[in-house]
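Notes follow the structure.
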Amino acid sequence: MDGYYAFMLVSTALVLMMTIPGLALFYGGMTRSKSVLNMMMLSYGAFAITTIVFVLWGWSEGWAGAGNGKLIGNPFELFGLKGVSWHSAADGTGSGYVGVLFQLTFAAITAALISGAIADRVKFSSWMVFVPIWLTICYFPIAHNTWAGGFVFKHLAQQDYAGGTVVHINAGIAGGVLALIIGRRKGFAKDPMRPHNLTLTMLGAGLLWFGWYGFNVGSVVLAGDTAEKSTAQFMSETGFTFMNTTIATAAAMLAWLAMERILHGKATSLGAASGIVAGLVAITPSCGAVGLFGAIVIGVVAGALCAWAVGLKYKFNLDDSLDVVGVHLVGGLVGTLLIGFLSTSVAPGGVDGLFYGGGLKSLGDQTGAALFTLVWTGVGTAVIGLAIKYTMGWRITEEAEVEGIDFHEHGETAYDLAPLGGRLGHSAPSGLPASAALEGAK
Amino acid sequence: MDGYYAFMLVSTALVLMMTIPGLALFYGGMTRSKSVLNMMMLSYGAFAITTIVFVLWGWSEGWAGAGNGKLIGNPFELFGLKGVSWHSAADGTGSGYVGVLFQLTFAAITAALISGAIADRVKFSSWMVFVPIWLTICYFPIAHNTWAGGFVFKHLAQQDYAGGTVVHINAGIAGGVLALIIGRRKGFAKDPMRPHNLTLTMLGAGLLWFGWYGFNVGSVVLAGDTAEKSTAQFMSETGFTFMNTTIATAAAMLAWLAMERILHGKATSLGAASGIVAGLVAITPSCGAVGLFGAIVIGVVAGALCAWAVGLKYKFNLDDSLDVVGVHLVGGLVGTLLIGFLSTSVAPGGVDGLFYGGGLKSLGDQTGAALFTLVWTGVGTAVIGLAIKYTMGWRITEEAEVEGIDFHEHGETAYDLAPLGGRLGHSAPSGLPASAALEGAK
Amino acid sequence: MDGYYAFMLVSTALVLMMTIPGLALFYGGMTRSKSVLNMMMLSYGAFAITTIVFVLWGWSEGWAGAGNGKLIGNPFELFGLKGVSWHSAADGTGSGYVGVLFQLTFAAITAALISGAIADRVKFSSWMVFVPIWLTICYFPIAHNTWAGGFVFKHLAQQDYAGGTVVHINAGIAGGVLALIIGRRKGFAKDPMRPHNLTLTMLGAGLLWFGWYGFNVGSVVLAGDTAEKSTAQFMSETGFTFMNTTIATAAAMLAWLAMERILHGKATSLGAASGIVAGLVAITPSCGAVGLFGAIVIGVVAGALCAWAVGLKYKFNLDDSLDVVGVHLVGGLVGTLLIGFLSTSVAPGGVDGLFYGGGLKSLGDQTGAALFTLVWTGVGTAVIGLAIKYTMGWRITEEAEVEGIDFHEHGETAYDLAPLGGRLGHSAPSGLPASAALEGAK
Amino acid sequence: MKLVTAIIKPHQLDEVKEALEAFGISGMTISEASGYGRQRGHSEVYRGAEYTVDFVPKIRLEVIVDDMDAKSVVDVILKAAQTGRIGDGKIWVVPVEDVARVRTGERGTDAI
Amino acid sequence: MKLVTAIIKPHQLDEVKEALEAFGISGMTISEASGYGRQRGHSEVYRGAEYTVDFVPKIRLEVIVDDMDAKSVVDVILKAAQTGRIGDGKIWVVPVEDVARVRTGERGTDAI
Amino acid sequence: MKLVTAIIKPHQLDEVKEALEAFGISGMTISEASGYGRQRGHSEVYRGAEYTVDFVPKIRLEVIVDDMDAKSVVDVILKAAQTGRIGDGKIWVVPVEDVARVRTGERGTDAI
């Protein structure tokens, strides 16, 4: 089983790469040029702080007392990983340092995902305070409930192969709630705030897709009681999840492009990048639950629905800046709920959904788990968000927002492509914000 | 053998990464800034549509009835992967979902490679129609003939370790024929059409090199009859192909740079990136056939010859925009044919070429296989290309071409780096095309 | 053990990816837009030339006669890899082609690292001459002394898990010495020379972090005498090094950001990227020597100290352009020396440092090894640097430097983002240098 | 005819444009510029090195107007561009001897 | 001496340059500009949000000419820049009181 | 009042700016421009295809000055911008009829 183990090492590195630099680029390219560095910093910062928190109490809070049927694990039981074997077990039960690290990268990207909803306007310090608290109150409990045999799983036995509820619905609802609490950017829905560098977004989406094989396929948990059985399970289950991940993503991309063509007349590259992510999100919980046909359906529904959903924020006047709700919440729900219909006992999950004669049980379990996540994290995030709002505050000044958060929060501007090396204010593409720092925009 | 299996999972993800985002960046950086998104979309779109086609009938058409000595497999035999075990076999025979997926990524990148020849001027819809038809008529048959014991292999037993004929000669000739049928861009050989962002091209070339280890090294097919023998073969053969791939690529890069210095006085970064790809292309068929010395020779010849060959298109007045012929066809031929001379029985291929006392047999086999591919795909592509030309048509309007295909086909422009966030037409680097949409360029 | 072997294949590819494109992007983004291609070419060129040298005599000079207690191996013993089995041994002793390739990628990145100290001003040809000589005189001997049971290791038995002395102190001192010999760029410490594209630097840092898991975790050398023991060692040791690498890097990034906030008021993205690299550098030698607590301390010290050290070059008036001394020398020393304090026998290294009751022995060994590297490579680099200076010369002309090394040395400019496709000199962001080629800057 | 050139803060562009439209001006040409004046630039710190930007981004706006409109146009721009803060910019008026509209070939006042 | 300033469509630049050369003009200065006029901008859609660009890219060309050449130069540009489609641009002529060539220090007509 | 416009080499900007400051000029506006003249452009080679840049990057500098300062300002710029090499640039002076400072609304000489 050292092959399985080697794959876990690679998978863990891949999931890290999804956040750093994958997600940072995907998000960064979508912001305006005056905000790209801050956007990337929210991902990088989230990863770093999550690492510390996870090792101290996160692993313990999420995974201590696995199977205890409780809402959380005891954060002190394995504090600082004491008692966790670094002689990683080869049986794939998730114990050992590599198991911890694999989970760590999931927590980090979930936190980073949220940042897309609140682009361009929050203090870096507030973000760095928010992340550890949010993980503690919202992430580790949901992970415990879903993956460590906690309360919800005990009662619902929902299927969430790689994080439909834990990662995507979780980040999606948190993003939506935070965007509501933190408020809209100056100029939202009035000024154009179009992506400043779509090649970065395309690159980011590509790296996300690549890394997602670590995310989904690496999420296999061996249950075989002999080495032979474990090996067999490793081979068959990963083939399955790899196939579903690939085909759903391709289908979602095509569906998003088709939907765009219908709605706006043209299929865009931002749509392709978004469709990729929507498909990956939706197949995350379901890649071990459905067959080929199910995967295609999930991809198509996710791509088309998300393509439509991202327009809603203008209706609700909610500045979910980079569509965390529209892509991760909606996509996560699609994947989580469609399991109830499309799950098949042929797949590794072994459960038949409504369409495969399994009745309503699976749909109920999935819906329950989704609701639990929505409520728990919705409330939790609201509490944290409001607490920060009324203490240290979330927003940079309006002037700083107009001038550019990169310069204001980080003292930098991303690009200096001009012949004179940015010595003219204007030749620094983001020079404006910088200068405005002194002049004060209107 | 779960180690071999883990490596196949990673290799498959790596080859996906070669197209998305590797090739897309490599090509995208070489286009003008008004075309980069479209260029990337041709790769992303090709990958998505190939996924669907491959799972439906591609695998079956290429691999059903392996060893049958026919020109194609029966596309309906394994339609929709029915009958393909997702309990992937550990014996490496290529069956099982992972074998399918690995091959899927090869088909996708081959289609995507073609797009470089027809940059900046074709309708996205025509491309999305072309790809599945081309795969069906040209790719799956060549793959069957070469890798699944089809007609050609039965008679010639050519060596093509990872796709010299199937991928590179195939894409190269298809690109050349399509460029001829579709015609030149307005301003070809008159207007400068220089790369708009060489950092993207360098990044793309780097990712291609990285991913190519999945491509070449992952192409090992285990034939050992016991687990021990399979393991031994896995270890020795991959060490060999990894070494050859590395050294030929380095040699080709240096040779291209030297050639440039001789021809034009300066060694360029575009030359380095191109040399890398030329070397990788040439070592693709041969990495299992030659030894260290052979790999260096192949690298040097490929680098130098391709560096010279990319200039020919101006002589022939053929707008092979990003040199698919000059790099993939020429490089693919170099690698395929030099096997006839440099192949050694010490290598995994086990065949001696002309220089190693094996006589002309190998050279004959290699030449025959190359010719077969050139003719088959040359004719096939011409038929498809002309059929599309006279039905839905290939070209965007001349105005749209001048204005920029990104805006015209996708309603987007790649960059908005200006202080005012692109509100001045001109500060959007690609603003011109956009505006021209209304004014109509001369 | 084919899992271990599969991991080595992937690790080797990952370390290649660290240089191409990782380091090239990290460095390239920090230069001015008129120098980015040259900066990337120094990395790409270094990799290509190292490949040839390594296969010819590098491996032999470094690893032939392992354990002989001498200063170097015999460069002719295994010349051209003759006698090296391509049937890579599965016991992980480093023999076999994959062992060679893994080491090859280390030599290449070490050479490439040096280039950051001499950005924007050296002839590409001089660099391509320097690299093979430097490897021969400075790299292979240090590698032999440290990793192949050479003279130093025999007497000091220092711990250097993945290259604190061999890679980072080595490249750091070489960079410092070269910068001194080659001299300052025109305008150093007077003209602003700020990073031209921080998204590239962030991307590069992200890819470096990702690839570093190949670098550090892949550096496991199996010593288990049975397959079971080897497997157990593989699993436990890699879990350890993976954990330490992750946590030290996160800690270093946070420490750098904190230090910046204290020193300059703002935490920058360049700081985050730099902190990541500083942490990775410091944990490189120590990832197998310390525990969780030690890793955090090493990360914090490296991040904070390097953040401060990068400012020193202005004091010493040394144009170490991209801070190779400040990050790699200082970070390498932090990691190497702190082992003397923080090493614990619980870790794979099995040695107790000062804080764990091991007395001064470890500190002495580490200090000795560091000093040896500093002196050996300091002197060696000075000799090579001066020899080149007084023969072929290092510097491009001052005019060319002002005008831009990309155009001068490579005949290219990196970006052409303008509507008119760079037909106006100024709309090519790097047009200035180009034009100046004819006008001669003052 | 006169050529009115105004150097304004980038963020005032929208207001100035709207004010001119309201006044009845139907065409104008703008470009990016950098200003140097009482308003100073700013500095950024990269790895301990301070980097100063002397010049401040501005928008340069040009309008060709009838002789009689020149004064009012200056007033309109003045009003719309003013924030009262340092760096608000400058306006100047230059005599124009001939004007042509390229599309039609019209000359003089008709061409404005 | 006169300063002829022309706002033209970017794609006409080559023709205008060649026409001026043919006329005997040996020097000129151009810059990027954005125009606002009868010709409207365009809009792009990103994830359902429409984004409008008001201004249209133009080239701003300046030539210093002898008094007597001014009229002909305007004609030359007019002809070369005309496509007949909306947005072709504008030309204006301004009096110049002094000219200097920096390299030589020449003044006046010699400096053109 | 006069408007002095100078087209200079980008690398002379610092010297010109300092010379103007030394002379007592406290404000100016610059922008990027491209020049065409005796100095020719350059060419780059990409995969065997030659690519020619006709235009050479320049800085365009504008200063509004008092009538009496115009001549001296031209001299100051001339001196600071001169390298003696081809492509040094051009300076011209145009009469200005009105000037306004946007922040204060001042008009005429006070507004300079």
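The letters A, B, C, D, E and F name the chains in turn, as written, and every chain counts its residues from 1.
Here, a residue touches a chain if its C-beta (ideal position, glycine included) is under 8 Å from a C-beta of that chain, and two chains touch if they have at least 3 such contacts.
From a predicted model like this one, the values you see are computed outputs, not experimental measurements.
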Shortest path length from chain E to chain F (each step joins two touching chains): 1
Other chains in touch with both chain C and chain E: A, B, D, F
Repeated interface matching A-D, over half of the contact pairs identical, chosen among B-E, B-F or C-D: B-E
Chain pair showing more contacts of the two, B-E and C-D: B-E
Between chain C and chain F, centroid-to-centroid distance (C-alpha), Å: 46
Where chain A and chain E are represented by their mean Cα positions, the distance between them in whole Å: 51
Between chain A and chain B, centroid-to-centroid distance (C-alpha), Å: 32
Contacts with 2+ other chains: residues of chain A: 1-4, 6-7, 10, 14, 192-195, 197, 203, 264, 266, 268, 270, 411-412, 415, 417-420, 422-424, 426-427, 431-432
For chain D, residues contacting two or more additional chains: 10, 30-35, 44-46, 54-55, 57-58, 83, 85-87, 94-95
Of all residues in chain A, those that touch chain C in their complex: 1-7, 9-10, 12-14, 16-17, 20-22, 24-25, 28, 36-38, 40-41, 44-45, 47-49, 51-52, 55, 80-81, 86-88, 90, 96-98, 100-101, 104, 124, 197, 200, 203, 406, 409-412, 414-423
Contact set on chain D toward chain F in their complex: 2, 6-8, 31-38, 54-55, 58, 60, 70-71, 74, 77-78, 81-95
For the chain D and chain A complex, residues of the former touching the latter: 9-12, 15, 32-35, 39-42, 44-46, 53-58, 83, 85-87
Interfacial residue positions of chain F with respect to chain B in the complex: 44-49, 51-52
Contact set on chain A toward chain E in their complex: 189, 192-195, 263-264, 266, 268, 270-271, 274, 310-311, 314, 323, 326
